Amino acid sequence: MELTQNKTSATFIALLARYDEFLKQYIYPLELKAVYGSFKASLPELQALREIAKKEGLFAPHLSKEEGGLGLSLQEFGRISEILGKSPIGHYVFNCQAPDIGNMELMHQFASKELKEKYLKPLQKGEIRSCFAMTEPENAGSNPVHLSTTAVKVGDEYIINGHKWFTSSADGAAFTIVMAITDPENSNPYQRASMILVPLDNPGFKLVRNIPIMGDIGEDYMSHGEVKFINCRVPASNLIGQEGQGFALAQERLGPGRIHHCMRWIGICERAIELMCRRALTRMLDPGKPLASQQTIQNWIAESVASVKASRLMVLATAQKIDEEGAKAAKEDISTIKFFVSDVLMNTLDRAIQVHGGLGITDDTLLSFWYRHERGARIYDGPDEVHKSVLAKRILKQFAGS
Amino acid sequence: MELTQNKTSATFIALLARYDEFLKQYIYPLELKAVYGSFKASLPELQALREIAKKEGLFAPHLSKEEGGLGLSLQEFGRISEILGKSPIGHYVFNCQAPDIGNMELMHQFASKELKEKYLKPLQKGEIRSCFAMTEPENAGSNPVHLSTTAVKVGDEYIINGHKWFTSSADGAAFTIVMAITDPENSNPYQRASMILVPLDNPGFKLVRNIPIMGDIGEDYMSHGEVKFINCRVPASNLIGQEGQGFALAQERLGPGRIHHCMRWIGICERAIELMCRRALTRMLDPGKPLASQQTIQNWIAESVASVKASRLMVLATAQKIDEEGAKAAKEDISTIKFFVSDVLMNTLDRAIQVHGGLGITDDTLLSFWYRHERGARIYDGPDEVHKSVLAKRILKQFAGS
Amino acid sequence: MELTQNKTSATFIALLARYDEFLKQYIYPLELKAVYGSFKASLPELQALREIAKKEGLFAPHLSKEEGGLGLSLQEFGRISEILGKSPIGHYVFNCQAPDIGNMELMHQFASKELKEKYLKPLQKGEIRSCFAMTEPENAGSNPVHLSTTAVKVGDEYIINGHKWFTSSADGAAFTIVMAITDPENSNPYQRASMILVPLDNPGFKLVRNIPIMGDIGEDYMSHGEVKFINCRVPASNLIGQEGQGFALAQERLGPGRIHHCMRWIGICERAIELMCRRALTRMLDPGKPLASQQTIQNWIAESVASVKASRLMVLATAQKIDEEGAKAAKEDISTIKFFVSDVLMNTLDRAIQVHGGLGITDDTLLSFWYRHERGARIYDGPDEVHKSVLAKRILKQFAGS
Amino acid sequence: MELTQNKTSATFIALLARYDEFLKQYIYPLELKAVYGSFKASLPELQALREIAKKEGLFAPHLSKEEGGLGLSLQEFGRISEILGKSPIGHYVFNCQAPDIGNMELMHQFASKELKEKYLKPLQKGEIRSCFAMTEPENAGSNPVHLSTTAVKVGDEYIINGHKWFTSSADGAAFTIVMAITDPENSNPYQRASMILVPLDNPGFKLVRNIPIMGDIGEDYMSHGEVKFINCRVPASNLIGQEGQGFALAQERLGPGRIHHCMRWIGICERAIELMCRRALTRMLDPGKPLASQQTIQNWIAESVASVKASRLMVLATAQKIDEEGAKAAKEDISTIKFFVSDVLMNTLDRAIQVHGGLGITDDTLLSFWYRHERGARIYDGPDEVHKSVLAKRILKQFAGS
């Protein structure tokens, strides 16, 4: 395969510019208040922006045209996602935020007509929110076969019991999709779990707490729930896909999901570089001698720009591969971008903070928010260390016996 | 000079063990609540611990025996400081916390008898708290000659006007020492500023806000103030030392101050390594296969232990040099430990978080607190980049012309 | 612009496979002897391979079809260059080795018909070799306006005087192109120098020595000359391009030149990863427990693979930009790949050596050759530090005044 | 234990100054020629320096006074070793070079009276040289229980068969000490091997080749032999220590040996920093603007100085611990300095090369020699990765079950 840099159609370039403009006009003025103040209190303003986005035809760009979106390839949406990533509320305004986008993708492919009608449609329209309950506090996420949550089929119901955390955005969500063991005796540990949709008004569901993460307890969409399922009964028809398909579906969900995260991270880096440059140009060491004149600062800018550029090319190439050959064919590539880009992200944020000096550790800029809330990037969706081993083992296999 | 590892006297070793024991018995059980909950609400409990410390003869170890302390060398206090650093409230309980300890050292040497009587004594006893107002939002801290705050002598008063931030612990403090320009025309920019004591009940003093730092607005001792001096009048006798000595005193204050910080950072590292090891031993990837079996985790532990050990030796050697030859003779050493240890600190915390996985980014362990609140270590007291240049220039001088 | 990974035509893919096959069949068996033994002694064998390459239509792929090459874009040649880079003699066999390839590109564009006939043609056919004399021992290469070599026009001759080094491959070359100051008074320092072709049988040219580089004095093509021009007279018609164009031409020469180097470095990385993987799979720590089972080794493989992939995408994207918009438009990109890829190269080699243990530092593998001879990659064509500053300043400019 | 920096006695300080002076006067003028030219050809000059060293009472400082040395502690010798390390021929001139020093230490403690008389005495006087044959090409050095070389006792002789490499300085040595399996069935793999002295004029000993290392085939002392033992018969009385003690003795030998290496590495760093600073001060980017004015260069100097200082403190503290408590008690410390200092060494050399630009990769300075010949530092005496695991496992043990 050959990599080329195609001229994008003028139409698409113009579209990107519109998103960029939207951010500057509507989102940047609101973002600090929304992430450092009460998110709930900002909901009306955010809703107003969603209405504008709808009017301008920019809402939910990831959806097919029939579903009200723009009908983009994964690669094209990645380009938009990068722009939205420049603000911590960018994706939210356009209703393509995790974990909802992942649930939309999953349900689009695998949910029954009924579930789609009842849950997916309002989710796509931004009328409700959702969450995804997989990680368990008692089991290492790096080896997902170890799950304690169970769903036992009794009659035409599943009875679910279990303890989950990092059920992001559970607070205020309408439903969750939960990963639970349905076939504990299956000799293939990857076929023991299933995904089941649970409405959160179910009496068997309990939001234990919003977990305080890096100083933020959060609320509503901006939160990470610890939840319990206690004899939680749902109709058996709430199953997503087939019984035992849980891990297979999770893989399907994670492939594009990592593209989304990576492009968002690249957007964050872009904004951090912008903040870093502006600060370096305006902060004076002596009259007429800005911080930008210091070679160390120049090194940081150059190294950030270079590694972000490398990241973008790798993620877009991976998106293209998924578009053309499917997520399975791109497994190595997906592992690679996961650990490569998360590292670039944290390094870039760290440099941007250092350039800001004391201001960098205050909540007066976005950097504090990202430094804290993106530290998880190296952990969630499989810690980087696991992805490195996975990649290395696949590479090594190519040379074994040769 | 030769470096040796002397057996410490049995007495001193026993003393260290008592501090360690105190932390485990009294402080560890309280620390999470004090730093993640309301600090103010914890004050009664903290006060109770201070009383125990007094009774046990462990309170204010940094003070001379006459002042009620233990009469230790800087090096000896460093050893205690390392132990106290294992908890974010360790120094506070023993009343040797920054910025108070720096103010005590400064006033002990340079304050008038009257100021000592009125302010230093109750400070030493832990009856009041203090703060230090030097950094200004409008001027780069890395070049301290640029200060906008002024103190104009009118009659037997100074009239102070200025804007400061990172006036840590201003909230609830009884007084601040402020750095202000008293002689703006002095041809030597290092002789333009003076240090003046300002009681905070002065109507010309205004606590604008507790600056939200990395997600925490903080309160009381655990806060970082943005403050204003507006025609703030204080008696001319509130001057510390001589007029124009501001920078000289700041240097005096910073020398031991950096030892204190560095030893505290090393204590944090010790605790982080302990947390990392315990987590690695108990988190199972598979039954019987703990995280600790992973070579990457082992690398992190080994690299952390090695660099912390190197840090400790360097800081103690520097403390010894200050003890024997004074802070000026140790200027290079002080710059060296500043940037070396702050880097070790942040790397160690980062590894400890990664070992904890999702738990590492929650506020369920101390790591989140330190990851956020110690990020400033690479910035305050001169950004690391400045110290590197300072050190390099002094080294280069040795080879110039030879 | 959008980056896509186009399917390359089946024809081109087949072509790449032929180069790969050629290396394995003909070049790998010869390489260790050629680089660790006497290069001169290997010349007959190398010549024989060149004949095979000609017969197979693979020789001089970088040239246009009219000149006997394959008529490739810079990007396409880059793909071939990566493969050739897997062996230290790969480019040589196909006559697309530096510095000759750079001289061919330069003369193709800017040399007079007569010079082309007399020097370029035999160079393209591999009948003669050439070199390039720019760097001077007395002047920092990072600021190329400082040159001491002069060329004074007297009648229809230039009289050249100067001292150069890193005139690579001067030993045995037929001619050099020398950079010399022809207009020392020009107010624009970038218009003071010119490029002049000097045949090396000229009595005014002296090869002072082959500089021993990292333990190798080298010989013939594999050498780096220190040379002198002493009243060296050449016809004025030996000028390349116009008088005063020296720096402009050097920039033209360097743009594609850096693509060539970077793709070659990537080829080296590919081979180093291959060596690292094979060693890891076959070296046993205990019976049945290969080095490859160690997580640290896996980390190194994964990190190398990821960064090499990122490098390839960036270099090919830059090549495409040069193909489409010219070298000037790609200035930032060219600086970026220079420092990014040289770093990846040295890290990958270093890891591969460490995986080999004691064997890694012997001359029994290629790693020792590359570790030593590619250390210059971070220095030549502008040290990485200069490129970082250049890039940062251009990025900063985008934000100035905005 | 407390670490203090004792004033060294005036006598010892004066002694250090004499070594330093000796290097500048006698050794620096000879070193480039000795390491880049023929070492053999330099032997007469080196011998002359040894005579001067003897006359000045500086020869063989590591030996006890009875044996003609200075009777120093390990820590004191470490201080001298650092100074000698500034030149690649420093230790050789004073006859305290590896591997001879290790053999002297070993034989001093464990050899029979007869072996001492016949071999140790002339070795201590510098009349003969020796080597040490442990590493085998077919077995990973990181797990030393895997040895293929055997010594079978037949009558009063051992018959030794085996293949070794990295038998450093075998070329021209009078004897080797070889590690061979004498009790292959012993259930404790660490009690299977023994150390036996083999004179190299034995017909069963074969120097296969001097292994070319990083471009140098080397000769005489400056060489690394690949050797074979083919039915090599030596008297059973050539055994060092007891049968089966091989590994125990190797550990004894390695403890102080690592101190020697580390202090030598620190000496190399000192010299590299000196070269780096002098180059930075004299290399002009523009008239009056030396390389030293660049902040990146300043960073490198500062980081090198800091890490070298940390290294020195750690190694001397470890030497002190060995002096006071023996090598076994210092096992963790020895592992720590091994990987910490080798890393500092390579980073410092790398920065020094980069500061030198093109000159840095030539053999016109010492940097090329060290960059190549010290790359092994991260590999020999146990690769750094093994030491990290060893250290981590011991640290983890402290927390297990607690």
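Here the chain labels run A, B, C and D in written order, and each chain numbers its own residues starting at 1.
The rule we apply is simple: a residue touches a chain if its C-beta (ideal position, glycine included) is under 8 Å from a C-beta of that chain, and two chains touch if they have at least 3 such contacts.
Values in this document were obtained by computation on a predicted structure and should not be read as measured data.
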| item | value |
| --- | --- |
| Pair joined by more contacting C-beta pairs (B-C or B-D) | B-D |
| Per Cα centroids, the chain farthest from chain B | C |
| Chain A-chain B separation of Cα centroids, rounded to whole Å | 38 |
| Whole-Å gap between the CA centroids of chain B and chain C | 53 |
| Separation of mean Cα positions, chain D and chain B [Å, integer] | 42 |
| Contacts with 2+ other chains: residues of chain B | 294-296, 299, 385 |
| Chain A residues within the chain C interface of the complex | 1-8, 12, 75, 79, 273-274, 277-278, 280-281, 292, 295, 297-299, 301-303, 305-307, 309-314, 316-317, 320-321, 335-336, 339-340, 385, 387-389, 391-393, 395-396, 398-400, 402 |
| Residues of chain C touching chain B in the complex | 294-296, 299 |
| Complex contacts: residues of chain A adjacent to chain B | 36, 135, 137, 140-143, 146, 165-166, 211-216, 283-286, 291, 294, 296, 353-354, 357-364, 368-369, 371-372, 375-376, 378-380, 383, 385 |
